[in-house]
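Here chain A shows up in two complexes: once beside chain B, once beside chain C.
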Partner chain A sequence: MNYDLLIPGQLLGALTPDLILMGGAMLLMLAAAWRPESEGHQRTVGFGALIVLGITFLSVLWFGAKGGTAGPGVIAMDRFRWAADIIFLLAAMGTIALGIEHNVRDGIRYAESHVLVLFATSGMMIMAAARDLMILFIGLELMSIAVYVLVGINRRSERSAEAALKYFLLGAFATGFLLYGIALVYGATGSTNITVIGERIFSYQLHHNAMLMVGIGLLLVGFGFKVAAVPFHMWAPDVYEGAPTPITAFMASAVKAAAFAAFFRVWIDAFNLVDFAWFAPLWWVAAFTMIVGNVVALSQRNIKRMLAYSSIAHSGYLLLAVLAGSRLGSAAFLFYLLAYTFATFGAFAVVATVSRAGEQGLNIADYDGLWLTRPWLAAGMAACMLALLGFPIFGGVGFFAKWYLLQAALTTQYNLIPLAVLLVLTSVVSAGYYLGVIRAMFMKPRPEDAVEIAATGKLTRVVLGVTIAAILGLGIFPSRLVRLTRSSVPTPPVAALVPQGTTSVR
Partner chain B sequence: MLAESLALSAALFAIGVVGVLTRRNAIIVFMCVELMLNAVNLSFVALSKLYGATGQVFVIFVMTVAAAEAAVGLAIIIAIFRHKQTVNLQNINLLRG
Partner chain C sequence: MSNQFYPLFYSFHFYLFGLMALASSLMFVTRKSPVAAAMWLVATMFALAALYIMLDAQFVGVMQVLVYAGAIMVVFLFVVMLLNLGSPADLNDMRGKWGRLLAGFVGLALVAELMALTKSPLDLRLVLPAATDVPPTGGVIASIAAPMFKEYLLAFELTSVLLLAAIMGAVVLAKKTDAR
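Now for the complex of A and B:
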């Protein structure tokens, strides 16, 4: 059906999954405050959060299957939104499942930690739906403020507090840039609606408007901070290292995916016509992000820092999809995000298991000879590393993700061939650190003084099992997922004022 | 008036950015971030003279969000102070590599 967003009832209907999640989160917040802090209560609220996420997930699937369009307004109803929502919800479910057990081990008894994940996820869903910069800003802040708290949730840990402070100050700084960018774009076009901005750039002939150009530049800086692109990446390794491991997994997957989804929609819908202005800067940002992320990751000894630099490198690959910007680019973008989310999540689930209370046991040296004591953990970690590397067969879906990304880059009207070559070259560099972990696990002896690894919790086992099965399964049968992502493109509102094609995909 | 307002807003924003980059006290850095947000608010209000109420609505949203951010931010700064007895960013250096 077509949702007329000017009618309040239909606007609420278009927001159903988001409202389910927010309502459930608020009820759980009350439930969390109802009883004194205890391990059991934390666990109960955690399972409640999983149920709320499950219901939201089903409603998103229902909307995605039913299809639907939206008239001009602040919310999009396209399948790009539902595909992105699925990625956020899967990552949030994994975070909570890992978090319940991780909290028990680290003595964190705040039931609110799970509720905050729900609030952050609802912010992300708003971001993926937003067709107005005002809504996008609200979603972004709903997500960011919840994640600032989550990073510092372990109040006994000095590192956690330090990571929270760094993330907060740089996140707020980035928000300032983003907001000033929005203000200047509003000043140039007179609207905050992404579709209307795209139309007015065309109809007002704003191709060389200085205010618009500065605004786009500031937006680029703001989004660059949020997706951790070089040179705005300095915060990521510190924050990823200091945050509790499940939250790090959440940030590396869902938070990054949300920032990218919003980035993609704004860039494709609003600034498509002024691509000459942002193409070269974004090109260089993508190139440096790939190079710096991969090269610096080589010298890391802490596995969370290494994965942080690896996630920066993957931001560079995803920027390639934004640059390609076409229908194929959008499909490759979603496919890559999903593959990357699974692989990162599996890797962090293993990291959470191998590490000990008080964030100990996080060095790559702690993985020496893991195969000899915990073969399944080692095999799972190996699959995730190979998926991040993009290795065929054993890396499962990771290989196809890179394949489609390269295909999208090579079939656009733009000259992305140097970047595609750089992607392949830096992937070779990345083998140095991904295979380094595998070498440590399989080819080195277990040191005699190595601390015994605690038994893997049930929920962690489920998370690991599902992610590894998804990585390998989708690696064998990728075609269905490809069809789904190809049909999930950001689409312009129905009955827009200008002919299609000027605002949507190239 | 519009040009002057936008120029003032740009100047305030620049002062905020320079403050964030040069000051070392977490509270003062946070104040500079707030200065940046308020510079943006000034732009929105000035521009809404041209384009109608959207800019002013946006300002309300920004102020609400900034208040929520201040609550969380000050709580984080207090958490750091409890661990370190200082809020000087030069002494906050456990995480680096």
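Now for the complex of A and C:
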């Protein structure tokens, strides 16, 4: 709070990566408008966006390597922020790499599509850093508005337009809930600063304050929409199906990761210090999200819809980490998000290759016998499916992600054992659809009338190669990543806000 | 005005304007004619402005009238008027003898109150007593400007990035495309 952005040193110290990304996005916006739209220009701007993201990535790594400090006031400087930023930036790079080639194929010539990805990413980075609900909200809107447009960027597709409108209307509705929640929390505590809110709830004994309860409930609804938790998940399958495939991958990984990162920080810093009435509802939301996501995914025939329901199910798993809320929970949360981002991107890279212009070739039946014609694609898809399933060894990092999640859930002071059991049970259910894709690819014959799949683009190959290498590599050597995530915990600016032992035991 | 009646006087007006805001926004969403709806929205804006002023946020109140009730609503009405609306008689919301009587009564009541407030020898200011230690104009605007450019500078600047992204998105979506 004793934080003055008018001092350049403090500004640069806290926001260098964000400023690089925003500045780069603005420059590229000018570059995008500089020439008439064409395929070549779209590609050039796309590569420019990759360079901007690369520089931002390096600066984030540099800040992360310096180690985490609490940071001044409303901007957190902890390793949690940098770790989350790395996930967003990796996902954004994947999106643009896939997007350049996908745009060419679908005839999308707007160079602005890449710039919007950059703006969305900068919004996410703000969300991960924000320790103030107002700044968090603006970051969320920056991300959401850019993504609304990205979903509808394919102007020739009616599905895309429908998805964009649906996402926009429901997103605006969720925004209303979130904002109203913020207002009520401010009304109850007199602050929008997450740390101060936590402090005041404790010192003023606001645990049963009705206004605060309603406010937190509305905040949960708002975040629930963004992470597509049941019962606020209705938009996800339609929007994931209608959006261009790279954007679907972006939404399933980075947008979800950002919403979760912000949710995590708010929940831990502001609301976790005390015995809360909202713990039980969130518990049930997590349970239903796991069940509904996995069970409904079983009956999907369209691969994008299936992955959408699978992503809802993964939201349920991640809610477990939020509920655990401990140091281990934070580590498991970041580990899971990273593993999930890689697996999702690999899967969507294959989906983007197998599909054809005009949203064709998206049924699971189109994957029949893929192994016979395109063995590498099939192998890559299989690795991603196994990673999403959390299969040992072949699923690589996915297995460890679920393992650490369970560990975090079982070592917390709260009673999360039923949810941990549910996680294992629903994971078994999820084998039904993940292995279904693998069965289609490896054990069914390629139909006679199957359309030939276009050659995999260079950038798509790179994305697929990197994700598969990461999934398998980190699956063999997870310990280093575990150590990194263990050190990446949200740090409130005032150390030891509450004396030890005062956190209530449920 | 004695201090004893002041809270009553204050809360009476607070609830009056609150009710007006609620009632006119209800009317706003239930009217069939777009022009009548827009006029009810203007009424809502005015009632809200009155509430802001009573809450000692004079600047916000004035802005509410100037920007929302003034500029934005005029543009709104202008667009609405360009559409084909049918005969002017249908636009009128206050129909019949009783409707006109009610409108006249409300108008007269407002004029009477205005007279009472300006001509009365009593100190009938509708502001919270605590605000007296702040200089009337400088304090109000400075108290908005200082946090906006100090504590909330980051939020302020981020909003501009947000607007930029929104404008670019709107342009991209509104661009002409070649035929399907």
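Side notes on the structure shown:
As a working rule, the second predicted complex is superposed on the first by the 477 of 506 C-alpha atoms of A that agree within 3 Å, B and C clash if a C-alpha of one lies under 4 Å from a C-alpha of the other, contacts with A are read in each partner's own complex, and residues count from 1 in each chain.
Please note the rule applied: contacts are C-beta pairs under 8 Å (C-beta built on N, C-alpha and C of every residue); 3 or more make two chains touch, one makes a residue touch a chain.
Keep in mind the model is a prediction, meaning the values are calculated, not measured.
With the two structures aligned on chain A, chain B fits next to chain C without clashing. Touch criterion met: A:L165 reaches chain B, while chain C stays clear of it. In the superposed model, A:L179 makes contact with chain B only, not with chain C. Looking at the shared chain after the overlay, A:G190 reaches chain B, while chain C stays out of its contact range. Of the two partner chains placed around the shared chain by superposition, neither chain B nor chain C is touched by A:T353.
With both structures placed on the common chain, the touch criterion links A:E141 to chain B and to chain C.
When both complexes are overlaid on chain A, the residue A:I153 reaches chain C alone and has no touch with chain B. Looking at the shared chain after the overlay, A:N294 reaches neither chain B nor chain C. By the touch criterion stated above, A:F119 is placed in contact with chain C alone, chain B being left untouched. Looking at the shared chain after the overlay, A:S315 reaches neither chain B nor chain C.
Once both structures are overlaid on their shared chain A, chain B and chain C have a minimum Cα-Cα separation of 5 Å. On chain A, the surface patch touched by chain B in one complex and by chain C in the other comprises residues 134, 138, 141, 145, 148-149, 152, 155, 164.
Within the complex, the chain A residues that touch chain B are 134, 137-138, 141, 145, 148-149, 152, 155, 158-159, 161-166, 168-169, 172-173, 175-176, 179-180, 182-184, 186-187, 190-192, 237-239, 241-242, 300-302, 305. On chain B, the positions that touch chain A within their shared complex are 6, 13, 16-17, 20, 26, 29-30, 33, 36-37, 39-40, 43-44, 47, 50-51, 54-55, 57-58, 61-62, 65, 68-69, 72-73, 75-77, 79-80, 82-84, 92, 94-97. Across the interface of their complex, chain C is touched by residues 1, 4-6, 22, 26, 29, 74-75, 110, 112-113, 115-116, 119-120, 122-123, 126, 132, 134-135, 138-139, 141-142, 145-146, 148-149, 152-153, 155-156, 164 of chain A.
The touching residues of chain C, counted against chain A in their complex, run 150-155, 158-159, 161-162, 164-166, 168-173, 175, 177, 180.
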